[in-house]
Amino acid sequence: MKRLVFRLAAIATIGAALSVTTESFLTLTNLLNVLRQASLTFLIASGLTFTVLTAGLDLSVGANVGLSACLAGTVMQSTGSVALGAATGLVFGAGIGILNGLMVTLLRLPPFIATYGMLWTLNGVTYWFMGGDTIHGFPAGFRALGSGYWLGVPVPIYLMAALLFAGVVFTRYTTHGHEVFAIGANREAARLSGVPIRARLNLVYVLSGAMAGLAAIVYLARLNSAEADIGEPLTLPAIAAVLIGGTSLFGGVGSLLGTLIGALTLTLVVNGMNLLAIDASWQPLVTGVIVILAVWIDVMTRRRAEATI
Amino acid sequence: MRSIPGIGYLLIALVLVFTAFGSGFATVTNGFNIGVQSSVLLLLALPMTLVIMSEGLDLSMGAVLSLAGVVLATLLMNGRSLPAASVAAIAVGALFGFANGLLVVGLGIPPFVATLGTLGIAQGLALVITGGQSVVGVGDALPALYESRPLGLPFSIVIALAAFLVFRFTFRHTPFGAYVSAIGGNRESLVLAGVKANRYHVGIYVLAGVMAGVAALLLTGRMSSGHPTAAIGMEFDAIAAVIVGGTSFERGKGSLGGTVIGVLTIGVLKNGLNVLEVPSSLQVASIGVLTIVALVIESILEPAARRLWRSA
Amino acid sequence: MTRLPAFGGVKLVARDLRFAARCSWLVLLTCTVTPAILHADGERIAVFTKNQTNPYFQMLRLGADNAAKQLNARVTHYVPTRPDSIPDQMSQIEDVITKRPDAAVFVPVDFKAVAPGLLKMNAAKIPVVNVTDRVEKGEIVTFVGLDDYNVGLATARYLFTKMNGAGGVVILEGVRGVQTSSERLRGFKKALEEFPKIKLLASQPANYQRLAALTVTENLIQSHPNINGVLAANDSMALGALEAFDGANRKVLAVGINGTKEAMDAIKAGRLLASGDNNGFVQGCIGTMAAIRRLRNLPVPKEVVFPATVIDSTNYKAYDLLDSQRSCPKWESVVK
Amino acid sequence: MRGISKAFPGVRALDRVSLTVQAGEVHFLLGQNGAGKSTLIRILCGAHHPDEGEILLDGVSARLRSPADARRLGIAVIFQEFSLVPYLDVAQNIFLGREPSGRLPGTIDTRKMHADARRLLDTLGLRLDTRVLAHQLGIAQQQVVEIAKALSQDARILVMDEPTAALSDHEIERLFARVRALKAAGVAVIYISHRLQEIAAIGDRVTVLRDGRNVASLDAADATVGELVQLMLGRAVETTYRSRFCERPGAVMLAVNDLSADNGMRAATLSVRAGEVVGLAGLVGSGRSELARAIFGADRVVRGTVLFEGRPLAGGPVRAVRAGVGLVPENRKAEGLALSRSVQDNMLLAGLKRLFPSGWYRGASAVRLVDNVIARLRVATPSRERPVRFLSGGNQQKVVVGKWFVAGSRFFIVDEPTRGIDVGAKAEIYRLIEQLVADGAAVLMISSELAEVVAVCDRAYVMRDKTIVGELVRAELTESRILTLAMHHA
């Protein structure tokens, strides 16, 4: 818990600084706007958190969102049924997750190189499949999922809350959740305690893929169109959110609440930069610095912890 | 490492297929085309081989190359001499290489996250310096050098060959090559042998940065301008070439010769697909699939060697 | 209804392989048969475009295909593997030169950086028609494209008049450093000078991407409650901005440029006010026709610049066609 | 080396140990596992730093801060775990860090390096192409290359840790000839081995360590095997090992028949009955842990069968745990516990499937069970939330055993249960084992402490060269019988 308090304090300071410098920051609509943007990053980052908990990583989430959104959009257009389209997106997202899982478990490939190869393969397939076309014009009801309001609160925020709840239940109140943490903390000890390593790793990568599929549907609704390069700018912020949230790359330590806080922190910074009219080309620089800072803190806390063994 | 890795046969097969189907593929000019196009990639893939052999990864090479190119072009535009501007570009590369080294070796940050961070920083700097514009007016010293044909070969091919020979010499005939394999294979024994392992480990990343600077010379000469996002994504082709060439992530297994074959395989694949007029979107997917296939082959061959080792 | 690209894609690949086979057979033939006879028709045109992802270039490629079919020539498309990648386009130019196409329709990724590539094509005596982004150096048969400055100016003027010359407006720029976005921005700024009471609240780049435009606009809405108009450098960004305003339950007058299919639907539905015509399809047609005319030694003007027309709810019908229904206008009707 | 002390969190490895070695002398260093031998060696070669004490070279205090210092001072070490780099060839491995410089500055004279390497290997009687990569070598060949690597440093002090463990008689003879030559050349050799008969062959003096303290230093001539064994074992402080032994063992719980596995162990046959504590004794490298891992399914079985309560046990640890088998691994920190997680999380890990078959984890019942086990095993921890890394060695071991309590295991394989644990906690572990067996469970205990095997086990199997070479029933179970079986050479 100590780690989360430290991160909440960080958000409060950024928020305070912004509210002082721009008067439009501390308005309800802006806060809701930040929450909605953060909820989209959180969608992808939540699935990613599980892979990082097992000391692995899924670099293909961005490309996964791109392909799943295009496929879902195409099916939605041709069959006219939103449900079928959404199902396609989720199924394809999870399917890519299964492929990643198999590469990590059966072929025992280092997770980040396997998913890095998958990232470029998916990019190629999406470009070829779309061939430059875009699919647009989805029914209003569906678009509400992305940009609609319910009781004055943007819909994606409910989705974020539901996902957070499901994630916390999974990590704290299911045996599989505990086993995922154990695999990350000490994989050999978990194996020798009868934890089915392969099954859990596959589960984790399927979750990551499925979350990317879900995010694809929400982006589809929010953007009201499917384009080939929709997923390209999403991978780095998702990884940054997980790391800023305190989930350690070395596995076994972290939480979904932390990832949510990470997503919020990142979105706040970008929102702040926009409000302060800072040129957009500074954003990759700032994100890069934040990622390194977050991981450095993770390494330092880990070193201090290890010193006591 | 001594025998031709399996990928050598794939390269020969590709060449045969493209010669049969693609008209104009098997001509001298097209051969030079492949050579010129692959030379920049080889300059990135050579140091990337050493990085991967030391169980690391450098995602920032593409962005650092673009940044170095932009710095080079800006200096040339303001009238600086070619040698001075070139030294500055290579210095920028070395600086980012050193930063990567510090983050990975000094602070112990996992390599791909550290270099993901520096990628963002290098790309950000390039965008900020140029405001997104490409930098032209680099004068004619660099383009002339690039168009020159020492020994009858295009300049960039000569540079790439020279780089390969230098790397091969240092790898074979100086301790550096053995130490890189030791850092990946059994780092503790290197330390116990009294070698300052950290120094060499940082050196690997500095070398990657320097080569990105050198590659920037070629790319800026080729485009006679610098562009902030010119080489984004090239680091993936470099990593793919190294893996396809048989270098593995564990235990310091690596071969520079294999990497050269990997680079040529990708060069031939791209060129051939162009000559065959296959839709280019398939080209990106084909390189991704090629990498995964190479990884699969390696993981199948590998366990045999790994089991022996574990029982020792 | 958009045709399903998946099947189109497969068809494309099959046709290409057949084409490649035929082509190699053809080359053998040309080595034996004197080349002059061949040039009567069936010329081979190489079409270079910037990326796979922007619908504008997809329209341009369709235009080129349509023109080639009409004039019995053959077209092959070269698109960089990585969107907007300069080295990729350079490599493709070099590869294509070995294939010795009869002519090239060339949309440079970066109008300054790809000059060496153009010079190589000039050296190889391949006539080049420059489309969309005007190249700085190198010989070109003609330039076919839009006067981005004028279309920016006309579109901005249209928006400001609809806002009866008053209120706050936000500009969404394209990819910084690309000629089309800097020219269109210059046009927007010129229009602002003509309407003193229009206040420019903010001007941010959104890289011609819909998602970026959505996020940037959402944030701008927070800091500028009184936005009345959105001036976007292309349709994707305009529609992205509209999504943001929908998300904030607010109405706004928005205009874009390119006249894409999606913009037509939005204008028809009354969501989008207007779109500057930069019809990629017609540019593809005229560019290819110019190349073919040059090969058949027919007169080709130094440049073909389309007038700046603004498409709105009154005249969108002429542009609201399905891809399949579109066909190239006659050369004489466009080139005066 | 005078008055060397070194403590790691939880255990005191060396307590004011002194060792004096003359030039031209082969000095044997004896002691059971965990007696502090390898820690002393790591201090000598600069890998560890002593808490107290100093190292004198030719009477002068030497500054030994890093391996580089050690090498400069002419100290060379052959470690037990191999230090070869897999993808470098033999010559590169031998001269790692000391490559002969070539004509140009900074380059290597590869021809000379390979020639020197071939010469060294010849003196050790190994016909080998020096261009072969290390990962392609057999174990014995790797061992010889390690020795060649140490000899090539023409060191003044040479340390050899179990050099002959995997060598044939012929290769051992060549090695001894080489050692005698070094002795004549004035090199001081520190030789660590369990093969006491080698002392007579080349030894000059012997120093015995036990539990991190000097026990005795004497000339090789007047040291008999029996006397040395007594010194190594010493009279363990009278701890209450076991009150009563099992008279009427129950049904056969575990039956292993002609078992071989991919980790090198081969053709083992043994059985364990309910209520019994069966020992598995043998020297380092005799394959005991490998046998345990094969039974548990941690390593792949190549031949033979494992029957647990009549049913075949195959398919990895998942099936073994579900069937009721528990493994307390030799290396607690690496294979037994997740150090960063709490006592409760560690204890529950193996039993999750059994306690919550539905998959829903109920905190309340979990807490009750863990508190019950903590009380029963008397685990000294301020709270069940405490990360295991802060516990002492003994308590960490109790948490591992507790893990199998929670999983309801009926058969416990314990590998070196009391290693690196202070004497007081050892008695607790023995009481625990007795409690397990009293409840009808069965225990297969691997231990290198012969006194422990004799005092705790109902009967014991002895292993040598990766297979079982004999079984000693209760009556025959004495330390010397075990040792002779374990060391009897060919």
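By written order: A, B, C and D. Residues from 1 in each chain.
FYI, a contact is a pair of C-beta atoms (placed from the backbone, for glycine too) under 8 Å apart; a residue touches a chain by one contact, two chains touch by 3 or more.
As the structure is a prediction and not an experimental result, all values here were calculated from the model.
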Set of chains whose contacts include both chain C and chain B: A
Those chains which touch chain D and also touch chain B: A
Distance-maximising chain from chain A - centres being C-alpha averages: D
Centre-of-Cα separation between chain C and chain A, whole angstrom: 34
CA centroid of chain A to CA centroid of chain B, Å: 30
Chain C-chain D separation of Cα centroids, rounded to whole Å: 72
Chain A and chain D: spacing of chain centres that average the CA atoms, whole Å: 45
Multi-chain contact sites of chain C, meaning residues that touch two or more partners: 9, 12, 52, 79, 81, 176, 205
Interface hub residues of chain A, defined as touching at least two other chains: 124, 127-128, 131, 279, 281
Each pair of chains that touches, named by its two labels: A-B, A-C, A-D, B-C, B-D
Residues of chain C defined as touching chain A within the complex: 1-2, 4-6, 8-9, 12, 51-55, 57-58, 61, 79, 81, 83, 176, 202, 204-206, 209-212, 214-216, 218-225, 236, 239-240, 243-244, 246-249, 262, 265
Chain C partner contacts - residues on chain A that touch it in the complex: 22, 24-25, 27, 29-30, 33, 36-37, 74, 77-78, 124, 127-137, 143, 146-147, 149, 154, 219, 222-225, 227-230, 233, 270-271, 274-275, 277, 279-281
Chain A - residues contacting chain B, complex: 57, 103, 107-110, 112-114, 116-125, 127-128, 131, 236, 239, 243, 249, 279, 281-289, 291-292, 295-296, 299, 303
Chain B contact footprint on chain D (complex, rising order): 45, 47, 66-68, 70-72, 77, 79, 82-88, 92, 96-99, 102, 106-108, 110, 133, 135-136, 139, 142, 262-264
For the chain B and chain D complex, residues of the former touching the latter: 1, 172-175, 178, 181-182, 185-186, 188-196, 251-254, 305, 307-312
